[in-house]
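Letters A, B and C mark the chains in the order given here, with residues in each chain numbered from 1 onward.
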Amino acid sequence: MDKSVLELRNLCKSFGALTVTNDLSFTVEPGEIHALIGPNGAGKTTLIQQIYGAVQPDSGQVFLNGREITGLGVPERVQAGIGRSFQISNVLMDFTVLENAIVAEQARLGQSFRFLRPAFSDKSLKAGASKILSRVGLEDRAMQPASDLAHGERRMLELALALATAPKVLLLDEPMAGAGLEESQRMTEIIDQLRGQVAILLIEHDMDAVFRLADRITVLVEGAIIATGTADDISNSSAVQAAYLGSA
Amino acid sequence: MSGIRNLIGLVYEGVKDNRLLWLLIIGFALFPIITHFADLPFWNDVAMRIMLLGMAAMGLNLVLGYGGMVSFGHAAFIGIGAYCAGISQFYGITNGWVHLGFSIITCGFAGLVIGYLALRTSGIYFIMITLAFAQMLFFLFVSLEAFGGDDGMSIDRAEFGFIDLYDPLRLYFLIWIALVVVGMGLMFIVRSRFGVTLRAIKSNASRVEAMGLSPLRFKIVGYVISAVVCGIAGTLFASWQEYVSPDIMHWTRSGELMIIIILGGLGTLAGPLLGAIVFLLLEECLPLLLGAAAPAYAENWMILFGPFLIMVVMFGRGGLIGLLSQLQVRRNARSDHRGP
Amino acid sequence: MTLTLILEQTFNGLQAGVTLFLVAAGLTLILGIMDVVFLAHGAQVMIGAYAAAAVAAATGNFYIGLFLAIPVTFASGYVLEFLLIRHLYRRDHMEQVLATFGLILFFNELIRIGFGPAALYSDLPRSLSGFVEILPGAPYPIYRLWVILVGLACAIGIHIFVSRTRIGAMVRAGANNPEMTAALGINIKILFRFIFAVGACFAGVAGMMLGPITAVQPGMGEPLLILSLVVIIIGGVGSVRGAFIAAIIVGLIDTLGRVFLPAMLRSVVDQATADGAGPAVASMLVYITMAVVLIFRPTGLFPAKG
């Protein structure tokens, strides 16, 4: 039996009287794209934050490839194999596209604490960085400052930086948010190509993209799972209709 | 053998990319020739002060300009460095290398402790806690009667083996060599993987975290390095002025260092040195100018200096380096225009 | 004997605390609401002290000096906000620190030109000089007692102003949410200028009252400024209540520490060590307190909600 890449066991989190994660358990299997959907305020981003390590759960456990990572901080979890993109695109705006990738590449190699050789002119770092960029098709934008990129390109760059750490599971928080139609399609294609290479937990409001991409869908309402299944299961589920799709 | 050749290659590459910094440093090496023939030995003294403050500002710039940490307490490290020389002399240790070693270790340790505590906070709290630590050390030395307390103590110049510091030129070149070493070291650090990561943290700490790095560790290491550089400057400062007092670490000096950096160009290698040149020249020349215009007020040059600082902050985006590169761009644009 | 000393020093600590609060109150509002690090607040202390001393010397009446110094500091705060500070609202903290640092140099020099570098001393009116027995056998200067009372009265006034009045409600709204305040149709520019001038005014009052106790000289506000920054950080930026409690704590720790710490150390370690380390530790006590507070509560004791 294949081990799950990511497993959440009985995760609970409340802010004061507000319960945002209510005894939540689910898994992300190797190579699958697992979509997490739910109305606003369902606790999706808080859940991502708990998997990522930026927010600690009140109780419950998080496992990555069977190893518990619950108490770890963000950098340790990233090193363990969790990659992430943010809701608001999050790149190094003062750097060029290539420099963004170089910083990620040297971090992946564990070489960030070196003091002698210049980083930006290093041939092997540059080669690695170009490889990172080519995964999302940004090679020809390498010399542009990140601040000059169009919104969609910046999201691509962020995805590339998240992939650069060679994650075992990738957390994508609304990668289509704010993107135009064309950009969404492009992003959908790229995520589709990642299927099988890396397990993906996808939060997305764009239902077309979700139904096209997701192998499994989990529906979250008020911090609890009301359904998990394939796209067909979910669109036919009356509970989901009532709680979520119907009200939209 | 090839290691040395590689190193020389790296130095050459770095110097080529930072021409202005090295032009300034070479200028300092040639400066005593001018003062010798013009018979103005006083200006050697000014140049030494510029190099020392410039060195300290370069150290602070690693934290302030490259790391985005607004430390308002770096004068403390200059002070610790100076007192390392002073206290050593007090106990009869006259060897300057020992002073420097003592200073590097002490400042490194102080930087580690202060950095570790202060970097838990951010924004305005960080500015204030660094100021508070500096004040704490200031009052510590004020109250240490054994070392002169408020009045400080006179000390002899350190002995650096064959370098007799009572020969003013040898002192000058000792400071100059320190400047070269600091400049070279910072040039390597800023361009290295570490330096790049530090700049990335300034740009976006949460992205760096998402790459699996802990920003705090990089910031602390950067803080320690900059503390050590300021300490070296302080130790030499003590030998230069043959006197140590808490005044050297007055909070206004922390402000001065920041002004020097802003004036020259934040987050550039040559900026702090250029800023120190202009800052201290103004400090020397404003009284003269004011004295010529209104002799009664020659002492009150600060009345012009204060507003000047405000102007620099309000309008001097990018500092002198920014201004120079704008001129460069304009000149290039014009020559392109005239081109074939 | 020691009880008398403790009582006397506690009152001195309170006096230092309320003075500190007058400076810190304006500063914490400026920092909390406008997000401006205003280092030249110490210059307002100095301006208040000089205005009071100069007018008192000219008229021969201490109270006229105090009374006239209030509009002077209010005006200086108002003009300063208009000329410089409003241009700093959108700048980062470092630029604010440096611009107001330049302002300090300017004001110190201006005072030096106007009044000379030497300190001014002002005489107390007969009604405020002399001593009163706070306990049988424990005389205390009337003037310091008067400072404590005026300071407390100002503190109560500021508290009522911030918590009960309409402008105070705007101040609190501004601290939490400038956009909302603007949406309510409150003219935020005027509000900011008013707060700034009032803050300057309280700093000026602190300066006036300090005049007869300390030397009135250029740069006299700077130690007070740095201590009041410590107060704000301990109390939590933007919180008037926090500033008050922290100011009293800092005033007491500083005053009592200097007097009693060396003696306390002497009972633990040998005399020579205690005499050497006592004053050193005492002078660092305030900063150690701040560091400890920040380690456990990185946003101060009473962080303003926001």
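Just so we're on the same page, contacts are C-beta pairs under 8 Å (C-beta built on N, C-alpha and C of every residue); 3 or more make two chains touch, one makes a residue touch a chain.
Just so you know, these numbers come straight off a predicted model, no measurement behind them.
Participant: Please flag the chain sitting at the greatest distance from chain B, going by CA centroids.
Facilitator: Using the mean of the C-alpha atoms as each chain's centre, the farthest one from chain B is A.
Participant: A-B versus B-C: which has more C-beta pairs touching?
Facilitator: The comparison resolves to B-C.
Participant: How far is the middle of chain A from the middle of chain C, if each middle is the mean of its Cα atoms, in Å?
Facilitator: So the centroids are 50 Å from each other.
Participant: For chain B and chain C, what's the span in angstrom between their mean Cα positions?
Facilitator: Going by mean C-alpha positions, chain B sits 32 Å from chain C.
Participant: Cα centroid separation between chain A and chain B, in whole Å?
Facilitator: Measuring from centre to centre gives 43 Å for this pair.
Participant: Mark out which residues of chain B touch at least two other chains, giving numbers and ranges.
Facilitator: none
Participant: Of all residues in chain A, which touch chain B in the complex?
Facilitator: So the residues of chain A in touch with chain B come to 73-76, 78-79, 83-84, 86, 90-95, 99, 102-104, 106-108, 111-121, 161-162, 164-165.
Participant: For chain C, which residues count as touching chain B in their complex?
Facilitator: Result: residues 31, 37, 84, 87, 91, 93-95, 97-99, 101-110, 112-113, 222, 226, 229-230, 232-233, 237, 276, 279-280, 282-284, 287-288, 290-291, 294-295, 298-300 of chain C touch chain B.
Participant: State the interface residues of chain B toward chain A in the complex, per the touch definition above.
Facilitator: Per the touch definition, chain B meets chain A at residues 10, 13-14, 188-189, 191-197, 199-200, 202-204, 206-214, 218, 221.
Participant: Under the definition above, what is the set of chain B residues touching chain C in their complex?
Facilitator: Result: residues 64, 70, 72, 117, 120-121, 123-125, 127-129, 131-133, 135-136, 139-140, 142-146, 251-252, 255, 258-259, 262, 297, 300, 302-303, 305-310, 312-314 of chain B touch chain C.
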